[in-house]
Structure formats: structure tokens, C-alpha cells
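Each structure below is given as C-alpha cells.
Paired with chain B in one complex and with chain C in the other, chain A is shared by the two complexes that follow.
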Partner chain A sequence: MIALDVLLDPALLQSIPRFLTPILLAALGGALCERAGVFNIGLEGFILTGAFCAVLGAFFFGSPVMGAISAMAGGVLMALIFAEFHLRRPGDPIVVSIAINLLAAGLTLYLLSAIFGVTGAFRDPGIQGFAMIHIPVVRDIPVIGQLFSGQSPLYYIALVVAVAMHFFFRFHRLGLRMRAAGENPQGLVVGGVDPRIVRLYALVACGMLCGLAGAQLSIANVTLFVDNMSAGRGWIAVVAVLLTRGNPLAVLGIALVFGFVDSLSFRVQGYGAPQQFTDMMPYLATLAVLIGLSFWRKTRQTRA
Partner chain B sequence: MSGWIALSNITVRFGALTAVDAVSLDVDKGEIHAVVGENGAGKSTIMNVLFGLLVPDEGTIAIGGTPHAWKTPQDAIAHGIGMVHQHFMLQDSMTVLENVVLCAEPVNRLGIVDFATARAKLEDIIATYGIRSRLDARVADLSVSERQVVEILKVLYREAEVLILDEPTAVLTPQETRSLFEILANFKAAGKAIVIITHKLDEVMEVADTVSVMRGGRLVSSGPREATSKDEIARGIIGGDLPAPRARGPYAPGAPVLKVTDLVARGEGRPVGPVSLEVRKGEIVGVAAVAGNGQAELIETIVGLRRSAGGTVSLDGQDLAGKDVAARRALGLSYIPTDRQRVGLALEARVSENALIGREMESRFRRGLFQIGSQIDAFAREVIARYRIKVAGPRAKTSSMSGGNKQKLVVGRELSRETPLVIAENPTWGVDIGAIDFIHGELVRMRDAGHAILLVSTEIDEILALSDRIVVMFEGRITGSFAASDADRFEIGALMTSHGSGGIQTRDAS
Partner chain C sequence: MMATDTGFAARLGPWVAVIAWLFAILLVLMIAVGASLDQAVSGFFNGAFGGRNSAYLMTTIGRSALIIGMALAVLISFRAGLYNIGGEGQLVVGGIVAALVGIYLPGPGPMVLAVGILAAMAAASLWAVLAGALQVYLGVPLLIGSLLLNYPARYISSYLVGHPFRDVAAGLPQTHMVPQGAWIPNFPGTRLDMGIILVLLAAVFTIVYAYRTVPGYRTRMNGLAPDFARASGLPVKRLVFQTLAMSGAIAGLVGAIAVFGVHYRFSDGMLVQPLYAWTGIIAVLMVGMVPWAVPLSGFFFAAVQTGAAGMERTAGIPKEIGLIMQAAIILFVASRLAVVNLAGSARGEGNDDRA
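Let's turn to the complex of A and B:
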């Protein structure tokens, strides 16, 4: 019964949130864009910029909070570039997204050597990472304790944002307007609201959330920046957004699946599985979910 | 003297085109003011000015003597002006309540919408004006007339004193139109000003207090309804005398051309059908249905754009099962689709290229692998001349034409194929009176020449004017079938919105 041992391994449970958090934060940002009608597949670039800026802030200000704030600022900067070319000028969102992703990869590499004089990776004891939060009582409950205690503060923020976003879309003025901007923007125009402004808000908030996703990678999971640190998480977030059509609670569910598979693949490596296979697992899971979902939608359609 | 709302000398130019030319219009509280005219006469344009969607190049707007210049609809809304657009601007995934409050949300300091207050206010409005609406229903689940009510609620919720309705009855059955007019009468009694843009003169004579006629961007006349007549208004609209009533040959149907038996079409939600019908040589069969009752799916299945889920379709005795659109067209089927912008035409292509569609392989247009441009242009010129299409020339971009001329191009291309069967789906949708008359004339000419014509329309008047036999569809099934001579518009209207009493109504003469 190796399988059961693996699944209930406290170390595995403990590591799920660290894999889940960056994808969840980025996908929640993507969900805002999706619902507001901005086809944003530049999440990868937003995250990478965030990860770099987090290290920048945490190093120069000596505080993880300042790291997170500068990560958000970096993400917002990328979002504003996106907005300039897609909202103010009629740039195609796919082209703009690709440009953002390439820009982020090149820019972080350049700034890494320009600011820190290193190539490939920057590690320094001066980077102040987040301390994990241990919650009394909760930490002693089996399973729950591993999942909800001893985690990065950004993890808790991500969970709160997911739930809050669900209510935001239903009960907040801006949430309603974002849904309208994504569904029938002309309905906003005749109501005297410019859909581009609504989309700008969505993009800026997306930049912040992706910035935090990057911060989780570079100053919570570890305290260093390496070249191309986002490593495809932005793309997994895009998939999560498209699969759920931007429903934040469903995004949370999918992020859970990915987080679980990600940490499982890490664990399985310890049991001697080849790394090439375990690296594949998150993407296999993506495929499996895609196939399962399309199958489910099809059967639901024919029954209707 | 000027009214409560005074539009003075409004001029709107789009490039070289003057859409509205120095028009002055007065609207008073407690009146229903009809603005009539052909498409392109400028009536929607001037209402968009009043609603702040367009900024006029010249002229002023004054309300109660105070001049205003608004830059966005928000300004107009703030001054009590509301508009129900021809194409509804609703969010399908949202509830009625959410749609109504959108862009005018009552919120607390955190921006959280106070739905309870909004609901109370709306229920008040609903009670005051005798409106029926389900506030928690999703708009996607509503009928067209229920959606229109949502648009009206939006306007009332914003405490509008002026309601502008752009072609409000175009999508309604006679019964629904009647209940809309009842609601409008209540608004009038409450002292609101109502402006209806329409092209249906019977309705104008029924509800309007004041009638303004526009033609070619100018105001032709404006005055109380009692002082004018339907004929006078019609003459004002077209700028001359009415065309003589259309002569048509005697009804002498021949052999069946199209035979549809127990056809089931794949629908978006539930399947459509089973439907059986027959169109014979030398007759026009009209299918009357409110938009979204399966007629589009039925036609697409017959044409071959949608796969069937059962039943048979045959053309001149040949089973069409398994044949694609091209094969069906080759067998003798022409199709004028509702959506000329997306289905009927390639807007970015030249007029000649659109005229050619379906004939590319004919030898006279080809030399080996290449097309012969001069031959294609010559053919396009023929179509342009024969169907009186107003366009710069065969090489002009299709998107440069007006809606009516685009439609004439589709009609011309399809009818010039002279096929045994013509399927015309809302052939005059959004087309001006002159073009309507022309298209109707062409369809009747085809019928007289022995072609079989299947006409689908959401306009009862069009169905009544052209059909020899009438079939009514509701929720994917045929609910009634009449000889045109026995048809009664109210009975048809009733069947378009319900299953009728006790099964299918049939009063076929044959």
C-alpha cells in the first residue's frame, strides 16, 4: 500500500500549498481578465516580473512585505503596458501577451546582471523571505493542520481572494460591470460606462495578483531568483482560467488539483521514479482534466 | 413655440454624408411622439443625439428651456432621458434585477450593491405601471418581449421622464404589441414623454399623438396625428406616391418541390421538430414565428448548414440526406439568409466577389486555374443593374454599401440562379421601404414563374402580404397551418406564442 502511504504523507500535504499558491493567485488574476473580456495569456510574464521585483524589494528594503509590494508594483507595470497596447491602442491581445512574456523573460535576465551583477541566479542572505505562519490548535489537527498551518501568508491571502472574488462578481458594482464588459460591453456603453476603464481595473488587479504569485515563488517557497523562475505556471493558470471560464471557486478547485499533482510528483521522485516522468505529471493532469471536462460537457449537452 | 424638449437645427455628419440635416423637433410631456421614415432617413441618428450617443456637429438640445450639450449617455440619463434600443443591450447571463441596476447600482461605501433597495424600487415601478416581469429570472431564459420589458424597466429605474423606443414592435407579436401600447399609455398618463421610432404606419395611427416624418436626413413634416392621414404620412416617407398594389398571378400550385417529413433539427438546447411541410411549384409558403422558435434551425437543416437528427428532406424527389451545402445548391436550392453580415456576404470582399459566390467554377469565369476578372466584373454589373443596387461599382468593398443594398446583392445573387426552390429568411430585415417593395416584387415574380418559395419571417405583415399558404411555428413545432385567404393576424399571433387549443390548428383550403 505504497499509494496510500504517499497520499497521507504529512510532508506531501504540507507541500501542497506551496505549489498551489502561485497558480491560484495568477489564475485568480486571469479570472478577472477573462470575466471582463480581456484575453490575457501574458500571466507568465506578469509572474516572472513579480518574482524578480519581489527579490528586489525584499533585498533592498530588507522586508518580505516590501518585497510583496514591489512584486505587485512590477505586475501592475506589466499590466499597464498590456493596457496601453490592448485597451488604448487596438493591439491584438494574443500578440500583446506574447510580447509581454518575451519582454519579462529578457528584462529580468538583463536587470539581474545590471543590478546584481550575476547571471542565471541571485541568492543572498540579505533577501528577507516570508516566515511561515503557524496557527496554534489548528496545527495539531491531522491533515487540516498540514494543509492550513505552517504556510506562507500569501497562501492565506490567495484563499481569501478566491472566496471574496466569488462574492465580488455577484454583489459588487465593479464585479457586475466586469461581467458585463466580458459579455455585452455595448450594454455598458449605453449605460454611460466605458468598458475599457472596467477592463483596466481588471488588468491592474490581475497584475497585482500575478505579482504576488511571483513573490510566493521567489520570497516564500525559496529566497532567491533564478532565470525563468515562473517555469510555465502562468500557462497552467491560463488553462485553469479557460477551463473554468473565470469562475473563482472553480479556479480554486483546479489549483488544488494542480498543487496536489505538483507536490505528488515531487514525492514520487523520492520513491525512485525518473525525474523526466515526474516533471510531466502536472501537464498530464492538465490534459486529463481537459479531456474529462470536455467529455463531461458533451454528455451534459446531449442529455439536455 | 417650442416644446418641453426642443431639438433645434441638429446636424450630424459622418464624413461626407450628412445623416441629419438641420432638424428641429419638439417633444412634450404626456405625449407619444412617433418619428417615422425609411432606414437611413436619420431617425435613429437624431435619437442617438438626444440620448448622448452622438455629439451633433451643429444644433442645440434644450429641456424645459435650459440648453444642454451632452457628451455621453450618462449626461442624458442624468437629465431624465432613457432609450430602449432596437438591439437589446442586455447581459444574458445576468438576472433581470442585475441587468436593471447595471450602471446605476445603489451601493454602499464599499461599492457593494444594495439589491434589496433596488428590488423594492423596481417592485414599486412594476406595480405603478402594470408591468409583468420576473426579477430573478435570467435574461437568457426570457422571450423577446420579456427582454424588451427589461429594457423598459432599466429606463424607468433611472427615473427617466423621456422614453425613446427604437423600433419597439419589430420583434413583437400583435398581442405583445398591444400590451406594450397599454404600458406606454400608462406612462403617458403619468406625464412622461414617449418617442417611438417606427416604420409601421398602422401603429402610428393607433398610438401617436404627434407624428414627425423624416426623409433623407430632413424633417418633412411634424404635427398632430389628427391633422394627417396614413396616406399623407406614407407619401412623406417615400417622397412621392405609393407604389400600386402588386399584381400577382392566380394561385395554381404544381408538383411538390421541397418535401420535409418529420424533420428533427439539432437545437441549441432541445432539438427542434419533428416538422413536416411541403412547398410546391408556383407557391409561396410563409413560416410565421417569433425569433428563436426553431425556424432558424429548421432552415439551416434544410439548407445543409446543420446536421439533422431525424426525418427526411427531399428536393424534386431527391433525398438530400448526406449532401452538403454545395451539393444541395447544385440540385436547385437558393438561400437568402437572415444574417447578411455574416452568412450572406463576405463584407471585406469586393461586390463582384460576393456576386460570384457559388459560381466560381463556371467555365465562363475561368481560364485554367485563374479567374477572369473582366468576366466577373461584367456579371457583377449585370446583377447590380438588374437588382438596382446602389454601389460605386463591382470593385467596391461590400462593407461600403448600406444595409438595404447589401440585402439586394444577396437577393440578386440568389435569385439570379433561377433555382426551382428559393428559401428566403427574413429577406427584408432592416431594409427600407423602397427595397422591401422591390424584394417582395422579385419573390412574387419568381413564384409566378413557377418557382417554389419558402419564406420565413418574424413580420406577420410580410407573411400575410406574400404567402399563399401560412405555417406557424412555436417552440420548435408547427402549431398551425392556413390557406392565406383564411388567415387572421390575431389568430396567427396567438399561435406564434402558444400551442393553441387542442393540438394543431389546420384550415388548409387544399
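Let's turn to the complex of A and C:
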């Protein structure tokens, strides 16, 4: 077993939000789609586009905020393409998602060579990344300080969005309509609301959140863009959404687990484990969580 | 969901619009990098079908063999209603096993080749069955489970060629070369390997199996009407494993062909980066899972990829334009055909009571 002092290692705690934030942001976007009845497994492509556009904005405008804004714009563009082919035309969402993922992989590399004249990766001191936010007082509290201070602004945004989305689905009119679009679209039609419009809103917001997830990868965790930077995080976010059926607070919990495993495997690498094994950990952890939850549901069903 | 067709012109109209859209996208992309149109066009056709002694055409055919192979693996499982999108992992497992057998098994070349191919098929088959077991026994939807297994396959193979089995002198993360005796021979006078014959055999097998055998019939029934299949007492679980085993075996065969016929070794990422598995999926989706059309769409996408490489050589257009075009084609075509309904069936898969 891993000793407790390793688990409470300040450096480990400090790194959890880095890994958690992209998955949380993307999964929250996915939760909107899930609740609104859009089966969106193209999060990977949304994130990748966001990561690229973030570098684009941060480089040309020289500010991380502009980077985040252009990341959102990139994510929204992908969301609109998704909407055009899935909502306005009768495209199957899985087919559209696969196409979106390929499109993002191709487009980011194409523009990388077209705009910066490089292949594979772009790093430049001109890319302005986010500065970490250090909160006075809080940063001196053990454990809490490492988890909540000295992090990227996008992390705090992600936490706020998770909580806000919980109330949005409960109380906000649009939130309620999104749930109706997912659970009983005919009811919405009877109420004079076109479910497709509601789903469009969900997709656009999902694009923004996934864009920010990409920005966290490319202008907060590091300041560069590399080929296939999203590296499967979109799929882990999809799993988080499916597991929680789009419940934002549960998404937060799952993202915390994945963030913890990620940073743990990152630490283990420091003790000499080969990089490939630590790279593999998040996916094995995801499978383990999937299996565990399905057992838990099964036992609960038999008891009930 | 198909519109009611009134006549030939009405049916043709939308397709003209699709082609116009695709050309518009191509043009915008080319203008963005300042490439000239005639260079791009000639580069595309030369890259896909030309070259000295038709060398590029042979590359296109060789690549289409791999893509068609992956498409067959997809076809066999998708038609059974099993959304195995983990072809990439199965391909990689097949490739690495083929390479290791090829390098370390002593004996005459043809025997090494045969054992290598069979071992690759068996290993990839197991990898696919693992995804099936996750669904059947542990409630992990196949769509997700098969995909997540891509990553361990990728990283384990990357570790194996990066550390224990690395050809250290070569400097790159790759294995030693397979002895020449075990290579799949080229067609005389060309640079095209005979692996395509194996793929064609697999294709014939797939079609005969699906349409002329009882398990094939049951598998199709399970795909088209799962409730009926279950109600009529078919061994649904066994069908899942049978189908996935075959699907994985074909992916493994493709991995072995890539090793014994094309690269003669396994280097890190060589089966992942060209996106063979994903291209196989879209080649199947584009033709609405119609078996006889799959070789055509496989060849078409192979030509788009090698043509794009040609455009990069002659007109300086980044070759990723091929990827963008593939995605655009799928978007425009899939949204028109609307013959597949993956999402509907994929959603119900994880339910414990059904599995």
C-alpha cells in the first residue's frame, strides 16, 4: 500500500487540480449535452480545438484571457458543426462525433503548419500562459492550501461552474428545459419549445467548457501546443458523464478521483516507473471505476 | 428518415451540393496556405495513382489493404450490433506480437511468418474478447470499454519497443528487423506486398460467414433485432464473444501484414499515427455498412490519404488536408444517409439487466 505521507505529499496535492481541471471542464460540458439528450462523444475533438485556439489567442493577443476566449470560440465552432450535422440534419451522433474528432486532429495540425510553419509542436516564449493564483491566508493552511491556492484561474472557474450547474438544472428555466429535452422532448414540443434549440444551447455551452479544458492544457499546465494534446482526456470525460448520467456534482467527484490518480501516477514516475505505465494509469483507473460502479449498482438493484 | 424521392434530379441535387461544399472547403484550405490549384490537383493525382513505375499507386493499394482489413473488422462487429471501436488497440496488439514472434522464433521463414500471423490474430482476438467480457460480465459498455483498451495497448507496446525489445543501435523506439525469410513477398516487379491477398481472403470469409452460415445469420439477427434474438433463445453471450473474437482476429491480421509486409519491424506509433483503425470505421460508416461497398470506400480513403501526401510534396499543402477532407466527407455523407443508428443501440448496452 502507498504510505499516507505519500498521499498527503504537498507536491502531490498541489498537482491534483492541474490534472482534474481539463477533465472536469470537459465533463461538465458533456453533462449539459447528456442532460439535453445529445449523445456527444466528440469531447476529445472539442478539447483539442480549444487547446490549439488557446495557444493561437495567447500568442497573437499576448494575453492568456484572450487565449481562453479564443479557446471558447474554437470549441463553439466545433459545437456548431456538431449541431449542423446532428440537430439540423439527421446525422447519427456517434458518426458525427468520430468525424469531429478526426476533423480536430486534422485541422489543428493543418493550421499549425499553415500559421506557424511547424509540424508536430509549437512552443514560443510569446505564448502568454496563465499565472497561478495565490490566495493569502488560505495558502498557509495545510492540505487545503495546496488544493485551493496556487492554481490556474480555470480551476476556480471549473469549481464554480460545477456548483452553479447543479442549481441551473434544478431551478433555472433553461436548465429545466434542457432536462426536459433529454427526458421528454415531446413534452417540450407541447409546451411550445423546440427541443432542438435547447439542445443547441447545450452544445454551444459544451463547446465553451471544452474549449476552456483545452486552454487549461495548453496555456495553464504548460505553454505550448503539441500534436494530439488532448490525449484521450475527452474520452475519460465521456466516461465521467456516462457514469454520473450528467449530474454535475457527481461529475466533480469523479473528476477528483481521476485527477488524483493522474497526479499519483505522475508522482510514481518520479520514483522510476517507466513513463508508459504512468501514461496508462488514467485509462486503467477509468476502467476500474466503471467496473466498480457497475458492481455497486448491481448489488443495490438486487437489494431493492 | 430518408426523404421521399420524386425523381432522378431530386435525388442528385443534394449530392451536387455536397460536392460543391467539399470543393469549397478544399479551396479555402488551399488558399490559406497560398498553394496553386493546378499544382495541388496534379500533386493529388500523382500522389494517389502515379509515381515512377506506379510506385505511389502501389502505396495507395498497400495502404488500402490495411484500411479495408480494419474496415472488415469493424463491419463484422458493427453489423452484429457490437460497437467495437477499439480496433486500434487490437491492431497494435497484433502488430507487436507479430514482430516479436518474427524476430525471436527460430525456424524457416515461411513457418515463422505463418506462426507470427496466427499469434497476432490470436492475441488481438483476446484483446477484443477482453472488451466483450468487460461488457458482458462487468457492465462496461463496449463502446467505451473497447476504446479505453486502446490506450493500454498503445502504451504497453510503446514500453516494449522502448525498453526490453528495443533495437538500441537504431536510436528510435523500434524493434529489430524481422528476418528477410519471413517477409511477405512483393508481387513480382512491383513494390506491393501480397498482404492484400490475405485481406481479400478475410473479406471473402467475412461475407460468406455473414450470409451463408448459421452463426453468421444469428449474428446479423442479433444486430438487427436484439430483442427478437434474445426472445428466440439465441446464445447471445456466446455470439458476442464469437463476433468480437473474429473482429479482433482480423485486426490482428492487419497488424501482422503491416509488420511482415510493409515495415518489417514494429516501431512506436506506426499503427496509431496513420489512424488506420479510425479510417476503417469511417470507411464502413460512409457506405452504410454494405459489405461489397467497403473495399471501394477503403480504397477511396487510402487514395485521399496518399493523394494528400502528394499535395504536400508538390504544392506544399500540409498533408493533414487529407484528414480534414475525410472528416468533411463523413459529415456530409453520414448526415444524408442516416442509415445507421449507432447511438440508439450503444446507449442501452451498459444496462446490467440486458447483459
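Going forward, the second predicted complex is superposed on the first by the 302 of 304 C-alpha atoms of A that agree within 3 Å, B and C clash if a C-alpha of one lies under 4 Å from a C-alpha of the other, contacts with A are read in each partner's own complex, and residues count from 1 in each chain.
Basically, contacts are C-beta pairs under 8 Å (C-beta built on N, C-alpha and C of every residue); 3 or more make two chains touch, one makes a residue touch a chain.
Because the structure is a prediction, the values reported are computed rather than measured.
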Side-by-side fit of chain B and chain C on chain A, or clash: fit
Touching partner for A:V189 - first (chain B), second (chain C), both, neither: first
Which of chain B and chain C A:L176 touches, first, second, both or neither: first
Once both complexes are placed on the shared chain, angle at chain A toward chain B and chain C, C-alpha, multiple of 10 degrees: 80
First (chain B), second (chain C), both or neither touched by A:V261: neither
First (chain B), second (chain C), both or neither touched by A:G106: second
Residue contacts on chain A - larger count, chain B or chain C: C
Which superposed partner A:C206 touches (first chain B, second chain C, both, neither): neither
Minimum Cα separation, chain C to chain B, after superposition on A (Å): 5
For the chain B and chain A complex, residues of the former touching the latter: 51-53, 72-75, 77, 83, 85, 89-94, 98-99, 101-105, 107, 110-113, 115, 269-270
Chain B-touching residues of chain A, taken from the complex the two chains share: 171-174, 176-177, 179-180, 183-184, 186-193, 304
Residue numbers on chain C that touch chain A, as the complex places them: 1, 29, 32-33, 83, 85, 134, 138-141, 143-145, 147-149, 151-152, 155-156, 158-159, 162-163, 275, 278, 281-282, 285, 318, 320-324, 326-328, 330-332, 334-336, 338, 340-343, 346-347, 350, 352
Touch list for chain A against partner chain C, complex: 39, 41, 81, 85-86, 89-96, 98-103, 105-107, 109-110, 112-114, 119, 232, 235, 238-239, 242, 274, 276-277, 279-280, 282-284, 286-287, 290-291, 294-295, 297-298, 301
